[in-house]
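Labels for the chains are A, B, C and D, by order of writing; each one numbers its residues from 1.
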Amino acid sequence: MLIVDKEGILIRYNVKMEKSMTPEDAAAELYPKDELNRAIAEAIFEGEEDDVIDGLKAAIAAGKDPISLIDDSLMVGMKVVTELYDQGVIFLPNVMMSADAMLEGIEFCKAEAGSSPKPKGKVVVHVAEGDVHDIGKSIVAALLRANGYEVVDLGRDVPVDEVIACVKKESPMMLTGTALMTTTMFAFKEVNDRLLEAGIRMPFQCGGGAVNQDFVSTYELGVYGEEAADAPKMADAILAGKSLAELKATFHKH
Amino acid sequence: MAVKKFTTMAYNNADEMVFGRAKSPVKAGLDLEIGAGYTTAEVNYAPRPEAGETKEKLVNEYQRITRDIMARMVQVGFPSVVLETEHVQQMTNNPTWGAEVAHAQKTIMEEYHEEYGIKCALRHTPGDIREDKDFLQLRGDKYNVVMESFEAVADAGADLLSIESMGGKEIFDYAVLRNDIPGMLYAIGVLGSMDMEYLWQGIAKVAQQKNVTPAGDTDCAQANTAMFIAGGLLDKNLAHTLAIIARSLAGARTLSGYEAGATGPGKDCGYENIIIKGITGMPMAFEGKTSTCAHSDVMGNLIMQCCDLWSNESVEYHAEFGGTTVQCWSESLSYDCALMNTALKSGNEKILRDLLMASDRFRDPQSYILAYDNAFKVGQAIVKDGNDIYLRAKNAATECCNLLTGAEGLEMTKFETNALNKAAAELAALTSDSEKFMSDCMEKYKAEVKVFKPENYAL
Amino acid sequence: MAVKKFTTMAYNNADEMVFGRAKSPVKAGLDLEIGAGYTTAEVNYAPRPEAGETKEKLVNEYQRITRDIMARMVQVGFPSVVLETEHVQQMTNNPTWGAEVAHAQKTIMEEYHEEYGIKCALRHTPGDIREDKDFLQLRGDKYNVVMESFEAVADAGADLLSIESMGGKEIFDYAVLRNDIPGMLYAIGVLGSMDMEYLWQGIAKVAQQKNVTPAGDTDCAQANTAMFIAGGLLDKNLAHTLAIIARSLAGARTLSGYEAGATGPGKDCGYENIIIKGITGMPMAFEGKTSTCAHSDVMGNLIMQCCDLWSNESVEYHAEFGGTTVQCWSESLSYDCALMNTALKSGNEKILRDLLMASDRFRDPQSYILAYDNAFKVGQAIVKDGNDIYLRAKNAATECCNLLTGAEGLEMTKFETNALNKAAAELAALTSDSEKFMSDCMEKYKAEVKVFKPENYAL
Amino acid sequence: MLIVDKEGILIRYNVKMEKSMTPEDAAAELYPKDELNRAIAEAIFEGEEDDVIDGLKAAIAAGKDPISLIDDSLMVGMKVVTELYDQGVIFLPNVMMSADAMLEGIEFCKAEAGSSPKPKGKVVVHVAEGDVHDIGKSIVAALLRANGYEVVDLGRDVPVDEVIACVKKESPMMLTGTALMTTTMFAFKEVNDRLLEAGIRMPFQCGGGAVNQDFVSTYELGVYGEEAADAPKMADAILAGKSLAELKATFHKH
């Protein structure tokens, strides 16, 4: 058998570029100063649901308001996570586990307070009719939630009628569509036309395997989303007041 | 059909394995023999977006695709070709649609075979439509539609029957995004294998009745999802060490189809096929450096090492300067095959195989394990406990970890190494009692994954 | 610049020639060395139709293309890459457009080089816009614009300068459609060479002033037109034996650029580069089985035999499942290079070269002659009378005919054989007096080809 | 050096499929019966201009009408050539040389008669603005002429204005466009729009390297032409009364 050393044949750029800082060190710099909040944020970062609840209990016992804990500890911890993910210091499963922990924490706070905080905004997500590929959509939903958005997840194989009905009912700030097949992504055009017909000019971010920028550019409301992390980025941009044209300019990278 | 578990390897050693030759070649279609001393391109394609609107448009689209490919093959002088049609949903849900497409394609292929003598075969891969909107529905009505679809395409001219089955996917999707190794093992190794055994007995029966080939499955739904999420060297969505553990598990799972009657050629996107070839001696399809139209990977050359069919995975049908996409890619694939066939004919197949393998061996933990020597070891770990689907999957994952831990010449990132060490520890801590593992998992995932329905696996 | 004719071969024998190694490697761009023991992918691309509307759109398009390619290279771990931008007309006619594109591309490449250390270089190929609507205008105003374009792109960051020059094309277009061998000889061998010598002295001077590489030319305008018209095995537009005679002539012609100061890497679409490499020892770019996006040919593997850069010729920028087209093709090319580089590193380059060559050797008269051993013989025929552009071209064509006539193992159609015999007879009947040939042709083509203007060649 | 016999690696389908009939035999079956006409038709087939003129002289001397000779001998000879080209028995250069001879013969007949015959129809051909690739266009023009059509050849690098002006002036039955570059083929859309604006609904056949059926399908008058031989075929179809939709159905092969 022939074994040839890799020198000159390939470069493991990931090894070459590896950050010397551990994720824990990087996170440590970002935690809140307050001891109680910090413990909760750390538990979020570790994705340890039980520790999150314990931390919240301790903070509430120390007199903190459950609803403000959401913003001051849970969200802060989650922001550490999403920031380090964006920087490439931690990986997606960490985000997923932290998001699970955060959501559980929020439920706990809401139960304690007997009331709900106002979310940053609402997003409807779906997978096109006839398409079973849904893991990309699930990542999109998770990252939106991780960034503080409320997500209405219509699931996979969703007929156009159902999408339109839901948008009318929920009035989200943004709609996302995922399709992985050439034949199913065609439904996005119809969603676009039906929205316009109904007088709804809302950003409709579309992504997934077979979907591409050129295709998405063929319908007015469409903005192409290349990777799941673009979904919360676009939601943030909408909150920042960006127009449809500006969104396209930012997210159309090819 | 009877299920016969593999407990030994088909080859005495890894070095016996080469491209274009399998211990048990498969005759199929019009004069083709797969794994009988030569390699053949397998061309895949997806209809243009607007083609799905009506049945007529769809049939027409596949006719154009088929004609384009066959024409290019004779223009450049290639002796053989396989076409694969992966059904879009409509074609499986309406078995007559799939059948009409198969018939239209086969008619054109027969014309070319008659006029030029080109050897060819048609693979059809119905969609695994066994699910409702929210849940998998692996048994019952939907299963029957899938079987009808297989019957219809076989009657209409499909020579090779395949599917990308989905058993275990509901647990896997949850587990892979949470670095949950036992969950991945349960999803792929246990649930996936159980479903395949059930499903493939059905497919093998249809194939026998219709006198066509039950070709084989792939763990696309799980191992490929992991591979795609893992992505390139700089992506940060999943440790590549975990993706290759999923792939090793897939070796144990995909084997189940061949135990239930499939004979090969295994389906192109099964990167685990190198393990399967070592165990079964059946011919296998692969895809890699000439399927960049469909996806990027980090083992494009290496994965060609022992292919019998060489595929582009899929490309949307549209125009390029050099012709339509299916013409461009079928030509590139066929040149690759011409190179391999020249090596086979001149007795140089092992050196070419080794060059392919060596060029990617250290590119990634995934390529390292799929190098034929290491893949063979994973295969050995599987057949050692071939009769126990849990143990053999656990063995595969463990062997994968061991090989990576002891790897020489492979540099890994700290992140990859950490994920590996954690996985290895978790695997080591697992019970060696299948029943206990099954019941533990049942309890855990019933609670955590709300879409998990044990009745899908007759559990 | 001084012109130095080649009268000897750079290699002692054909077997010395391999891919990735040239007698005179070329350093270029950011740490790249071409022909110095490794091969590198050269990626080519064409902007989307609508991108040509404004300068801003065009610059933007090339930025996206450049970023996509560089990103893919690091994702899969490839150590080096070359990008080639073939100007669309606007970019050459407005030298600042071309310069802005070059600058935008090079800036991105520098970022990647700095961050990842990837070796890379940028080739710019202005269009040969030296013509009016109806006539070639090889000298004068248009020549000056071309030179300005070269200066501007060199200033802006282009590392390698190339052009597909058009000298002789007006006669060739007439001759090739009439099986007129002496006309082809006059067009390619005489007029083409004369124009190249004139043009390349100018380019070499610019390159020297700007400290960049005058890379080389290709007989795209003639030999490739013939190859395209000849098409596939079953096309009926031109005998493939005539297409390869045109190619042999192109060997004699394209050499003129290197005699006038070019140093390589020769441009990808010059299939005659294998002859040129034998004569000059300079590194060469080639395209074949991984340029099916741009065209089909009948020697896709063989033409890879001695490449230093390996190119996809061109692909329209758009999306595929696996990323944008430039990402897909750059990845496939780079895997090909990884295979060759592994062979080089392990001392197996000659066996891989031979397998590539052997797989296409008998596919077509064109591949037969371009097999490195035969191409080397054509090169020897050229240098034998290296000082006389007419004789050396005639020698090349004659040697090509002789080799085909005596070919063993190559089956030709009667049609190809007839065309060959007729061509051989016509060549044999030609004068060996250059002056006489020149004046006979002048008279004949002045009369027959109304767009022929001798002043283009200072005749 | 490694030499490997081609068996199992490649098949020279052209050799395998070669017709046993020689072009001369095939042509012999198609020549006209009349001796004088036959001699001219043969000279056309051989592409021998001098023999064509000699034949015409002999026929005229024998009392034949120069204008009817065009149809009865020159065109008949040319039909043999184009038919055998379509069947794959002879190659393009033969067609080109025969067409040269035919055109010379026609000129001779016209001069002898002092009048011109009515051509089958007129076609305007051009290469798009900014594009120098013109050999495909020249083949198209030659094949149209070989099939009896009058061709107005605008050459290469032709601005849209000029195309429109020429169409208005010449009122051709069909327009063709050739482009080999993505950036230049874009002009076809403009030609289409300008024609429609002017109320001209004329088939506009487009072909050449970069041009493809999908692109041509995006503008109303466009019909894709894959190979040069499709141009006379389409002209014939137009003469046969085919509508734009029928032309698309026939020539859109992908």
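One rule holds in what follows: a contact is a pair of C-beta atoms (placed from the backbone, for glycine too) under 8 Å apart; a residue touches a chain by one contact, two chains touch by 3 or more.
Model, not experiment: these values are computed from the prediction.
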Other chains in touch with both subunit A and subunit C: B
Separation of subunit B from subunit D, taking each centre as the mean of its C-alpha atoms, in whole Å: 49
Chain centre separation (subunit B, subunit C; CA means) in Å: 40
CA centroid of subunit C to CA centroid of subunit D, Å: 31
Set of subunit B residues in contact with two or more other chains: 46, 48, 74-75, 77, 233-234, 316, 320-321, 338, 341-342, 346, 348, 351, 355, 358-360, 363-364
Residues of subunit D whose C-beta touches two or more other chains: 2, 4-5, 9-10, 12-13, 17, 210, 215
Topology of the chain contact graph, where touching chains are joined (line, ring, star, complete, other): other
Those chain pairs that satisfy the touch definition: A-B, A-C, B-C, B-D, C-D
Of all residues in subunit B, those that touch subunit C in their complex: 46, 72, 74-77, 231-235, 288-298, 300-301, 314-316, 320-323, 325, 327-329, 331-332, 335-336, 338-339, 341-343, 346, 348, 351-352, 355-356, 358-360, 363-364
Subunit C to subunit D touching residues, read off their complex: 14-15, 46-53, 88-90, 127, 129, 131, 133-134, 166, 173, 176-179, 225, 229, 233-234, 236-239, 316, 351, 354-355, 357-364, 373, 409, 411-415
Contact footprint of subunit C on subunit D as seen in their complex: 1-6, 9-10, 12-15, 17-18, 22, 85, 88, 90-93, 96-97, 100, 130-132, 134-135, 138-139, 142, 155-158, 181-186, 210, 215
For the subunit B and subunit D complex, residues of the former touching the latter: 37-38, 48, 64, 67-68, 74-75, 77-79, 115-118, 317-321, 324, 338, 341-342, 345-346, 348
Interfacial residue positions of subunit D with respect to subunit B in the complex: 2, 4-5, 8-13, 16-17, 209-210, 212-215, 253-254
